[in-house]
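Chain lettering (A, B, C and D) follows the sequence in which the chains are written, and residue indices restart at 1 in each chain.
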Amino acid sequence: MNPVNYLYLAALLFTIGATGVLIRRNAIVVFMCVELMLNACNLALVAFSRMHGNLDGQIIAFFTMVVAAAEVVVGLAIIVSLFRSRHSASVDDASLMKL
Amino acid sequence: MSFPLLTATAALPALGAIATAAVPAARRTAAKWLALLVSLATLVLAVVVLVRFEPGGDRYQLTESHAWIADFGVRYELGVDGIGVALIALTALLIPFVILAGWHDADPLETRSSRWRPTQGFFALILAVEAMVILSFEATDVFLFYIFFEAMLIPMYFLIGGFGDRAHAGTDEKAAAQRSYAAVKFLLYNLVGGLIMLAAVIGLYVVAGNFSLQEIAEARANGTLDMATNTERWLFLGFFFAFAVKAPLWPLHTWLPNAMGEATAPVAVLITAVVDKVGTFAMLRFCLQLFPEASKWATPVILVLALISIVYGALLAVGQRDIKRLVAYASISHFGFIIMGIFAMTSQGQSGATLYMVNHGISTAALMLVAGFLISRRGSRLIADYGGVQKVAPVLAGTFLIGSLATLSLPGLAPFVSEFLVLVGTFTRYPVIGIIATFGIVLAALYTLVLYQRTMTGPVKPEVSAMPDLRVRELVVVTPLIALLIFLGVFPKPLTDIVNPAVEHTMSDVQKQDPKPEVEAAK
Amino acid sequence: MENLIALLVAAPLLGAAVLLCGGRRLDAVGHWIGTVLAAASFVIGAILFADMLGKGAEEREMTQHLFSWVPVEGFQADVAFQLDQLSMTFVLLISGVGSLIHVYSIGYMEHDERRRRFFGYLNLFLAAMLLLVLADNYLLLYVGWEGVGLASYLLIGFWQHKPSAATAAKKAFLVNRVGDMGLSIAIMLMFAWFGTFAFGPVLEATGETSEGKLTAIGLMLLLAACGKSAQVPLQSWLGDAMEGPTPVSALIHAATMVTAGVYLIVRSGAIFNGAPDAQLAVTVVGAVTLLFGAIVGCAKDDIKKALAGSTMSQIGYMILAAGLGPIGYVFAIMHLVTHGFFKAGLFLGAGSVMHGMNDEVDMRKYGGLRKYMPVTFVTFGLGYLAIIGFPGLSGFFSKDKIIEAAFAKGGTEGWILGGVALLGAAITAYYMTRVMLMTFFGEERWRHAPTPSPAEPSVEPAAETHGEHAEPHPHESPSSMTIPMIVLAFGSVFAGAFFGIGDRFIHWLEPVTDHAHGHPPVSALTVTLSTVAVMVIGVGVAYAQYGRRPVPVAAPRGSLLTRAARRDLLQDDFNHVVLVRGGEHLTRSLVYVDHTLVDGVVNGTAASMGGLSGRLRRLQNGFARSYAVSMFGGAAVLIAATLLMRAV
Amino acid sequence: MSATAVHSLWTMAADPIEKIDAPKIEYGQLSPTLIVIGAAIIGVLLEAFVPRKSRYYAQVFLSVVSLAAAFAAVIALATRGYGTTKAGIVAMGAIAVDGPALFLQGTILLAGLLGVFTFAERRLDPVAHGNQVDSFAAQAASVPGSDSEKAAVKAGFTTTEVFPLLLFAIGGMLLFPAANDLLTLFIALEVFSLPLYLLCAVARRKRIMSQEAAVKYFLLGAFASAFTLFGIALLYGYAGSVSYATIAQVVDGSIENVTPALAGTMGNDALLLIGAAMLVMGLLFKVGAVPFHMWTPDVYQGAPTPVTGFMAAATKVAAFGALLRLLYVVLPGLSWDWRPVMWAVAIVTMLGGAIVAITQTDIKRLLAYSSIAHAGFILAGVIATSADGISSVLFYLGAYSFVTIGAFAVVTLVRDAGGEATHLSKWAGLGRRSPLVAAVFAVFLLAFAGIPLTSGFAGKFAVFKAAAEGGAGAIVVVGVISSAIAAFFYIRVIVLMFFSEPKPEGPTVAVPSPLTMTAIAFGVVVTLVLGVAPQYFLDLAGQAGVFVR
């Protein structure tokens, strides 16, 4: 199989993720979409790693997972505290500050 | 190493400003005296500069040169030519009078808080302005000049916005709004001018590689520094724009009436008699020296704008109802003359313009300060609120009249000499412009005499009937100025001797010669 | 001896300085200081005159270089004096008449609390006027020229609390400034073309330049002369100038300052000689003003304004003569001197009358005053005879010569100018007889009309102290006032004969002004006879109108011309409508333009920036997702642009 | 079947493992970062083991000491020539220790130190239940206004975790401009971003806004990180390596494309261009350039002011450092492609920031937009692509960061009943009430406006000069125009402070402890010294202005 197809898939996933960020209101879902984007990156990295025949990409993919996990920790903490204050996880409700 | 006289002349008021600002809140009077003494000491130093300056000597004298910001090609380079010496002397001369005239202008209306020290601030700011103005007259490094050209806006801004004319009650919201509008307008106009100049300053660096006026001018003269015609023109415009705002030249003038109207009279004097001179001075020193070709290229347009300034300023002065705005528009007209003299590119025009800067400083100071005394007595700036002052305060009226006569360039008073030189200098090269400008002298008579008539003559208005005449402090302010006006009107030679060599240098920079008279009458 | 010249100016200048700066301490002696210093100037002048007489005609010119005034590359103005016969004549006239009027003022201004200041101004005037005639270059002359304007301004507006006086003073200065503009342009032209503006070199250089240039300079000098000498079209200020105290009218607005224009033209004779067109313009201005002033003089009921019209007219004669060139210069100056005597005398007489009449100026409220003021009557009468050109008196000699010279101009021009001059002589006789009759003869109309008419408000402030409703008690003035009048009357009678007989004056001035004997198309005797004849006619008509019939206290409506003449032939109205109103509209609209357009553009830019800011600000809507859209879009644009850059 | 056979069926013998060299770590050269990260870890341990009452003091002490030590280490490295002659790449090619890195690390450490001072300030808020409190929530996890929060306040709890978080962020920031491969870059980015997200959320007052700011910052930051990462992936795909040096060599063609297979399909340099654009976008997000700036005002406004001050100063320094390295070390061969784009970004950033700021009514938002405009000015220096460009940007960053910290520190002082009085109308007449505070703030504003004799002017002049010399005259003109626009709103604040009458119920100015005073005073001194005598620091930036590759 042409390895370029993996790239197309990665790009597609990335775009889906990005679109999700743009259109979903729930902060958790938005965050999941970001995770999807990160995983799209991982896919691309692994695909490239395979194409180039070196391991750099795969190592980065591991790091990305760790980073994603860290992001989950930080992100969920923030989102949960927001939810507890507002009783809503909608990102659109959090629009006190504007203009 | 010799004593850095020029630095000292500027540093003294700067240190004085800091010291004055540091005087405790309760010791207001001490702050005033400190400021006055510092300004007098500065005057002494300026006189020393005047004496040490040899009119026949090098172009720039008393020079100092130290490394400063090598990365920007900037050196701390000072030096004075005749024009600079004359203007430094003017500045140092006027500041003591400004301080003395504003003696009570910044007394706090009520003791608000022990930390609120407006008096100290007022006098410290005046001294700060003096220091920066003197430095900008001394700087022979373009960047150094630019720094102080811009930086002096800040103290001026606080002087205008923070210490308004008491003619409006100090608490009046509308007056405060007008005042801050005037201050902001002043700052923004000048800041925009300055920032455009900044672009040109950077451009100059890119072209020339350093900022030394002498080096660049020399390189320009001997051809080692070649600027493309268009580059030179753009750079010239960048510089000129800033100076034209500062001067101010029509149509960039509208900040001046606001600023002078809202500021206290001494501050108005500071604006028009001292700070604005930096603009015209810089045209003469920087525009002509750095960009001679572009200057010549732009001359026709500038002359027309100057001409418009002369006539337009005078006509608007006629139409004013506010004494201080009237003086402001009159100044616009006079700045038109100065700029016209500079760009006529004749010896007479440029000498005249330089004398004009000095004389206009003195005459406007005299008129404006007396007007300030008048306004402070009645609490109104409107001409219509006065009438018959001559009867109750003859000395005030008399000094006001002399100030007015100086403003209309009566022969025998200093401004006449300079105005006539400017007119003659312009006329020999541009007869039509010279003739139209001559109408300015009729209009000048109109607005000054109308002002005098409406305020000083006629039946005594009830509101002015109890007006006291000039006090001793006020007389001390006015008398020397008037004496100087008469002295320089009768015997301007000491001044012309200093100025002439500098003008010759400038004339050779632009490679222009005076038009020869068609008939050599001498033979 | 030359070193004395500066003292001529310095003495009154010192007086002015001392009196104006001295403060109230000098109130008691101020007038004496002023008078003594004026007299000192006259004495110095006399000494110099004696010295001058002792020299040959060609060596009489003296110069004194004081200091270099404005030395600028190529432009050298000096403070230097030149005293030649022409200047000498003026020096004696100015300091002589000036001293007399100082003396007169001591009495006239006795009750004015600001008398010291008045004398200070008078001294200032003398200094400026002497500077004017002594200057050796045009720029210094210009200083004196404006200096007298300033003194005139101060003195016309001396009673500043009266709005009319303040307005008149301002008007005088402004109109004069228009003339001054001419002088400054003339100086600029001289500098541009000759490289100098000193009398000697300029007048020498006239030979080397074109007629067109001389004409240009000449016309500009004429403009200057028109302003200072109240010639059409810049005459309008002189009538109003009568708001000043009467001694001022006598000294400045009759005898000396207003003749400065004549001095200027005669001094610049060489320029005009080379510019026939300019000369023609001068003569036309003179002729027109001559008639203009005369007509105005006929219609005025205010004695001072009638005399002012007369002054205008007489100066018209002088200007006319000066425009004739070398055949007229001497006569212009001669008439100037004799006029100085008799017109000053007439004004002082008028002042004396007013002094005795509670400062009433309306002649219709005079009448029959000869009994009450004999000295005034006699001196005024002699002045009257002199001005109408009664044979043997000074006016006769000087005016007759001018009329002769006008005819001698030759051709149609000569006839027209001569005719105008003759006509002027007739009108002069008419209006002066009218003044004489209305004032000193006829009914004592003041007995019936104690209150000043509202149409012509009282001019002098003293009226208030005298009480407005009191019937006046005409009385003779004190001797400090009458003595100067007597001296001037003496001059009015004999000066003409002294100058005229044996061409003494011609010989005196010839070295400076040049002189050519004119040859009128008709014999000189014919001219003289017709002059006398028209004078008689003028007197006769006036007598018929005002001597034989009673003069109504209220002015009749009069013909259209009379009404126009009362309003200075509508020139003021024209000025008002065109210049004042037009100017007001112009300034008002400019104020508007400045506020809305010039300022508006800037404020508009600021406002539109604010508007833009407000609009852009709304993009910041607080929704994180829309921020993400912006980022996403930005990233897309960034990528696209980068790719595009490569593709391009 | 023998076991061996079975074994051979299911397994195979591994080749003997190649001997892997232990990675060589230059601890000395890395010491600044290591000290800070180490201190952060100790800080976490302190949270666990030190009694609550002493935690604050222990944390402050630890932070100050570690930052000072790290700063000393930077100085020591610099004086020993590691910034110039001995500049090199350490940690197996992951980290560069060179002039720019040391200069920026020094700046970040100083900014961090001042940040610690403002974090530790406990005299501004009124004493609650006998406890002095700082700007941070008593217990960030409790719902604002809830009983648990009240209890936490009453118990005198404080969120001393902010100090380790700050140290982690600083550690990441130290690494960020020094990162010499894309992986390190990404890790550093996350290491400094994640603590900042948290720090934004823990304000004592107005916590709802604080949490909102954190959410926005976090989501948008994570979004931007994803772009960055995808960009990294593509660049890796293009060059086959994440090392800056290798990528640079591939870009300028000194190494043949390592994947001929890809060249056939992708063609051109699409991977490179798209990857670079996405990576740059991630960095532009961090510096707050238009159109990636929209988080800035909201986050600056909502975050606790000490955090805002630190973030505004240090993040910008770190991100611009990374951007510079990326553009100058990795992508110089591509400068013909990115320069025009960056031109456009610089122009819209300068103009956009300045214009929108005109109508702001909140001082913190105003400063946020001001920081956007300043990002534009700095970008003007970045695109000069010259040594002067680098040093001018370094200088500008140094000058700017201290003004920023000082300005936000002043903002913390002006308070009313609801905490900080950030609405501009409340600042009216401040100059009459407390002339000194107003004057100090005016100095900062004038420096922002670039008035001569302040550091702002010297910095602006430096970047504009570099840009003009680099042929970007148009940028200079736009910069000048937007400076003029920007001047308008700085002046508006000054007008408000000095020329408006104070409102009767206006805010009071709290008297801070020496900590905040130090931060402010340091800001003023740096502002004036860099304005009047900038030569030494220009020299420093000039010497530091060479990247190692």
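In the analysis below, a residue touches a chain if its C-beta (ideal position, glycine included) is under 8 Å from a C-beta of that chain, and two chains touch if they have at least 3 such contacts.
All values derive from a computational prediction rather than experimental measurement.
Listed by label, the chains that touch subunit A and also subunit D are C. The minimum number of touch steps linking subunit A to subunit B comes to 2. Central chain assignment: B. Criterion: smallest distance from chain C-alpha mean to the mean of all protein C-alpha atoms. Interface comparison, B-D versus A-C: the higher number of contacting C-beta pairs is recorded for B-D. Of all chains, C has its CA centroid at the greatest distance from the CA centroid of subunit A.
Inter-chain centre distance (subunit B to subunit D, centres taken as mean C-alpha positions): 46 Å.
Work out the mean CA point of subunit A and of subunit C, and you get 96 Å between them. In whole angstrom, the spacing between the mean C-alpha positions of subunit B and subunit C is 37. With each centre defined as the average position of its C-alpha atoms, the distance from subunit C to subunit D rounds to 81 Å. Shown for subunit B are the residues in touch with two or more other chains, namely 188.
Taken residue by residue, subunit C touches two or more other chains at 606, 617, 620, 622, 624, 628, whereas all remaining positions touch fewer. Of all residues in subunit A, those touching 2 or more other chains are 18, 21, 30, 91, 94-98, listed in ascending order. Going by the touch rule set out above, the chain pairs that meet are A-C, A-D, B-C, B-D, C-D.
In the complex of the two chains, the subunit C residues touching subunit D come out as 606, 609-610, 612-614, 616-617, 619-620, 622, 624, 626-628, 630-631, 633-635, 637-639, 641-643, 645-646.
Contact residues of subunit C toward subunit A in the complex are 617-618, 620-625, 628-629, 632. Taken in their complex, subunit A has these residues touching subunit C: 18, 21-23, 25, 30, 91-92, 94-99.
Every residue of subunit B that touches subunit C in the complex is listed here, in rising order: 188-189, 250-251, 253-254, 312, 315-316, 318-320, 347-348, 351-352, 388, 390-391, 398, 405, 410-412, 416-417, 420-421, 423-424, 427-428, 431, 434-435, 438-439, 441-442, 445-446, 449-450, 452-453, 456-460, 490-493, 496-497, 500, 503-504, 514-522. If you check the complex, the residues on subunit D that touch subunit C are 215-216, 219-220, 223-224, 227, 268-270, 273-274, 276-278, 280-281, 285, 290-292, 294-295, 297-298, 336-338, 340-341, 344-345, 352, 355-360, 485, 488.
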